[in-house]
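First the structure, which I've put down as structure tokens, then a few questions once you've had a look.
So that you can tell them apart, the chains are marked A, B, C and D in the order they are listed, and the count of residues begins at 1 in each.
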Amino acid sequence: MALNRKIAYIDLSSGKVETKPISMEMRKKYLGGRGLDAYLLYNNTKAGVDPLGPDNVCLVSAGILVGTLASATARTHIAGKSPLTGYFGSTNMGGFFAPEMRWAGFDHLVIRGKAEKPVYLWIHNGEIEIRDAKDIWGKGVRDTQSIIREEMGDREIKVMTIGIAGENLVRYANVMTEIKNSGGRTGMGALLGSKNLKAIAVRGTLDIKIEHPVEALEYNKQIISQITSAKVSQEQGRLGTLFIWGATNSQGLVRTRNFQLNQMEDSDGIEPETFEDSAFGMTGCFGCQVHCRAKYIIPDGDYKGTYDEGPEYTSIGAFAAEPGCTDLTTILTGNHLVNDYGMDTLEIGSMIAWAMELYEKGILTDKDTDGLDLSFGNEKAVIEMIHRIAHREGLGDILAEGPLRAAEKIGKDSIRYQVHVKGMSNLHSDERPTPALALGIATASRGSDHLRSRPAIDLYHLPEAVLRQIYSQPVAYEGPLTSDYTDYEGKSWQVFWQEMCYMAVDCLGICKYHTIFLGPNFPNFEEWSKLLYYNTGLELTPLEIWTIAERTNDLERMFNLREGLARSDDWLVDAYFDEPTKLGIPLIRDRVIDRDKFKQMIDEFYAFHGWDEQGKLKPETLKRLGLDKEPSHLL
Amino acid sequence: MVWRRGRLILSEESRQETTSERTARGRTHGAFRCLNCFERIVPPEKAESYKCPKCGFEWRVSWPSPTIPRIRGPVWETNRRLTDEIMAKEKGQGK
Amino acid sequence: MVVILGNGVAGNTAASTIRHLDSRIEITLISAETYPEYTACALPHYLAGEFERQRLFLKSEEDYPAEGIKTIFGRTVSGIDPEKKQVLLGDESLSYDKLIMATGSRPLVPPIPGVDLEGVFSLKSPGDADRILEGLGQTAVVVGSGPIGVETAISLKKQGDQVYLIELLERIMPKIFDEEAASLVAAILEEKGIRVLTAEKLVQINGQERVEGIVTDKQQIECDQVIMSVGVRSNVELAREAGIEVGSLGGIVVSRRMETSLEGIFACGDCVQSRDMANGQEMLSPLWHNAKRQGIIAGYNCLGIDKIYPGSESITSLDVYGTQAVSFGSIAAGNEAEDVEVIEKYSGDNYYRLVISKGHLIGAQSIGNAQDMGALLYVLLKRENLDKIKSMIEQRITPLNLRHHRVGRYITPSAIEAAGER
Amino acid sequence: MRKMLVTDYEKCTGCRLCELVCSVKHEGVSNPARSRINVTKWETKGIMVPMVCSQCEDAPCMAVCPTNARIRESELGTVTVNYDRCIGCKTCVVACPFGAINFDPIDHKVISCDLCEGDPQCARFCETGAIRYAEASDANKMRQREAAEKLYESLQKLDGAGVS
């Protein structure tokens, strides 16, 4: 069956590799993927561990449904204590790595220690080998993959690797696979880099038995139809996540010029439809029919003629909206560079925009920038800063440290212009008019994060009846729900519900675009319950899956609490409360978050979780979820 | 939905609708929502821009497929002017 | 009435083709052997004990009457009278309207002292295999390292014999692989315990009645069995006596319709010499797929339906303990005159070698990966210019577009990649 | 009129769902190594090409098989393997110009497309239309026309990008 995949414990210091099965008890409590990763991380680290030291562990995992006939089961999850925030670090990427890892016989890798010299892992049908990485150290993401494939003589090898940024311990370095599949947030690339682990190469030809193949095929077909017939999927399949730009910028929900404005009026040159001319087709992750990555060739500039994939919605934010650029080439080039260096697009965009505002305000001068003109809208400076940050040159060395450390180094008033939560930069969306989204980023377990609990469909102005259908399953909810996204009523439940939803989908290893994230008609708990049964034979009701999600979410919380997280960390920067929005449609103009109402939302959110006022788990919650004995010895 | 253990829930009569399927029934084609007033509006085929008949805000339109219009962006002048008017009016009333 | 001489793949394919086209015409198939049709390609597997004897046979004796084919098995044809259109079987004679000669080939036995001793075999028919299996000895020497020699050596090793493989030239399979590829195969054989002796000449086989050992120009080896696999010779005596033209390579000369120099007499299979599809030169190609295609062409033309034989392809594919060794077309060695360029590449455990002459691919060898090679075969057969393919790749023209360029029908991604590496 | 699988690499997104459903349909397991269809990828160029048995009229695999184990089934016109005769010599794998014959590493046997008894799952699941199950004559015409159009388009695009 699909559940016979193993955990491998790899100690890079001693070179010892050990494999263990995953017991059914663990499966039923944590499923796999992010859920089991949370458990393994909590149990394999001690409080206060140095994120870049040998005692931190790096977890690589595939969800329980990865490689099976549930659509888009492509997600690889990577976890560890974050070098960026110092809290729970976790990132999730698509591509083909996770399924290949399962075909090679493994669900989870627990990597600890630090190799003496650069190494990479070679995993093939149950065997794990630690190999010398001298030929690939210092190489970009693409070259690394080609060299490994060439060396092994197999085109089908899938490689997860860090780029030059990861080697240089840029605190928001990515792990990457293929051209642009990125494990972006929380600096997992730096974690791998600190272990001298350049890459993990996998190739597997072992069967994953599908428990009920006929039913699984038919049901998958049904799910695919359900997803691809949705308008949002069709649009995504044409442009990728760029399509979100039209709606958000039209309303004024975009953070531009760091955090000074909330709409970009001179955006004709960077609109998705403009980009469409440079794209020549779409591609996607394993088993996915939405295909949300565009294939393009950079039309102009220094990198003219280079092939790359993307860009994402985030890329527009990072290389256009935030630094105030208006040229498509900058977005495409920037996207290409961060992909090859292996860096978080979102974080780097925010850092550069922040530096630009500091330059505008005179906090940074030409002396600090080595003569580089960091004015808003200077496209060349944006590209130059990407190079400098990846190589940690000059100002780049400071910006590579992430929001809080960089602000500390620059000093003066610089922290005032940072837009972050728990030391992680915010997405370039402006959450001041949307309290639900603001609550999501403020409370997300890995710092400011729009993918942990964002009720994105809140922006669709859906009728209350539709919202109720969605948000009262599988747990009954009778409180208020409202269509108006500027409202505070009932939003904390939506955030709570979405948090459970995304956690479950991460445990399963399915892509978020195949769940209620951008489309209200997409599969959720009920469908997953069937998918689990048909593919793996595991019988879990929707409510049981919900409970698993609650348990694992709380485990992440427990990790953060152990690292010293307090209620005050679940909060936004002052600008959200004090500086009203200046542009946009009437609904959005002149909006701020109301401090009192926001505090009340957080109280509600804690209450739904069963947490006390300080955000700590109540004893009865611990007991209910079976977490009272953690750290445990299920291992 | 009642989850039935181990039963094949594939043939039409034995299948029960899930939440997402129920939600999907409200799906529409050829229309988009005005981003100002959230009215569902139907632009003429292949229109490049369209003014919301309810609130007067005007949107540039793109067509992912022949039956799906989406908002590409605002017609800046129109919308800015309308917003300014509305905001001025609100201020006048409020203060 | 059609008479077919020979019960190999060529003869049987010709018979089936004729029967398929004409349900009434009388077909007689004459063979000196008494077995129904078998496949020699499976003999090494049988020898290795991998499957039972029954699987060697492609037809049973009942299949012939069921198809409406008369058989005369176990009788030797003593002559052909093209004037009277008769086949002579000793005292009897058999008239024909059309004759198809598919007399095949026989193993070459070099004139070495002791070759007639008991325990000296060749491997061509199920009977040969049976005899080898009866006397599975402790030590066997395989003389000659063509594909059959190598496969036989592997089979005997799998049966637990101590095996020596002797090759006169300095590398094994000298006609099929160049140095590097041959040494890779030899390394695998050595690793599995087969002693590979190259550049060594068999001088004599020792023994009273039975084989007791051999003597080479370098050493003496004690052994219980000697398997001769130094090549095959076409059976053309009958044809020559009847006045049919036999070519310089020792095969019957046929037109592209598989007709011999005498009207009404066709020939196909191992006994003919044919044109190489890749370079247009005459060749002897004792390979299964060529014989089969020739049989089809002979069958058509003997019924008066015009069909042209496009030429032979040399393809060798060999399973060496799970590693696939593939070669087709020409090798570089011995081809120096032709301005030959070689591209060699190791990729992991796989090895590729492309032999290029004047911008055309004329041969390819690979050890390890079999799946990518088909594409190259067709680049070779179509005689496409590699530079042209390369320029198309640079322009990002991909397989479907290539199809439009008329070139592309057989171009596949692997071919493009191989060309792109130049 | 016989139907055949028509592939169009321009539409292929390289998701490999076809490989997955193929192995599930035939073997009841998820394992692309045992799939009858393969997607070849050039990641750094963005080219993905689905390769599947064309059921060639004059099939090289049938010609080279030394045991006549590759046979054409009459009804659908598929070239299949008679495993009672197959000796696993892989000559057909070598001879296939499309690399469309695969070798199953688990069962150690040669596998190739059998059109799923007339309902090819790869085509059924391919939403982008990169793999279609269409009538042979139509398919050829379609393919030629599309090829011509695509070529023209992509050349123009390349001109624009200054790449050609």
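We adopt the following convention: contacts are C-beta pairs under 8 Å (C-beta built on N, C-alpha and C of every residue); 3 or more make two chains touch, one makes a residue touch a chain.
What you see is a predicted model, and the numbers here were worked out from it, not measured in a lab.
Removal of chain A in thought splits the touching network of the remaining chains into B | C, D. A summary of chain positions shows that the Cα centroid lying nearest the centre of all protein Cα atoms is that of chain D. Chain B has its Cα centroid 27 Å from the Cα centroid of chain A. Here the CA centre of chain B is 70 Å from the CA centre of chain C. Annotation: 36 Å between the Cα-based centres of chain A and chain D. Centroids built from CA atoms put chain C at 59 Å from chain A.
In chain D, the residues that touch at least two other chains are 10, 40, 45, 154, 163. If you draw each protein chain as a dot and join the dots that touch, the picture is not a line, a loop, a star, or fully joined; it has some other shape. Pairwise, the chains that touch each other are A-B, A-C, A-D, C-D.
Here chain B touches chain A in the complex through residues 1, 3, 5-6, 8-10, 18-24, 26-27, 29, 33, 35-36, 38, 57, 59, 62, 64-65, 68, 70-74, 76, 79, 83, 86-87, 90, going by the rule given at the top. Taken together, the chain A residues at the contact with chain B in this complex read 215, 218-219, 226, 230-231, 234-235, 238-239, 243, 246-247, 249-251, 265, 267-268, 271-273, 460-461, 463, 466, 469-470, 473, 483, 516, 520-524, 526-527, 529-530, 533, 539, 541-542, 584-587, 589-590. In the complex of the two chains, the chain A residues touching chain C come out as 150-154.
Considering their complex, residues 8-10, 40, 42, 45, 47, 49, 51, 60, 63-68, 84-85, 87-91, 93-99, 101-103, 143-144, 146-148, 150-151, 154-155, 158, 163-164 of chain D touch chain C.
Put simply, chain C touches chain A in their complex at residues 346-350, 368-369.
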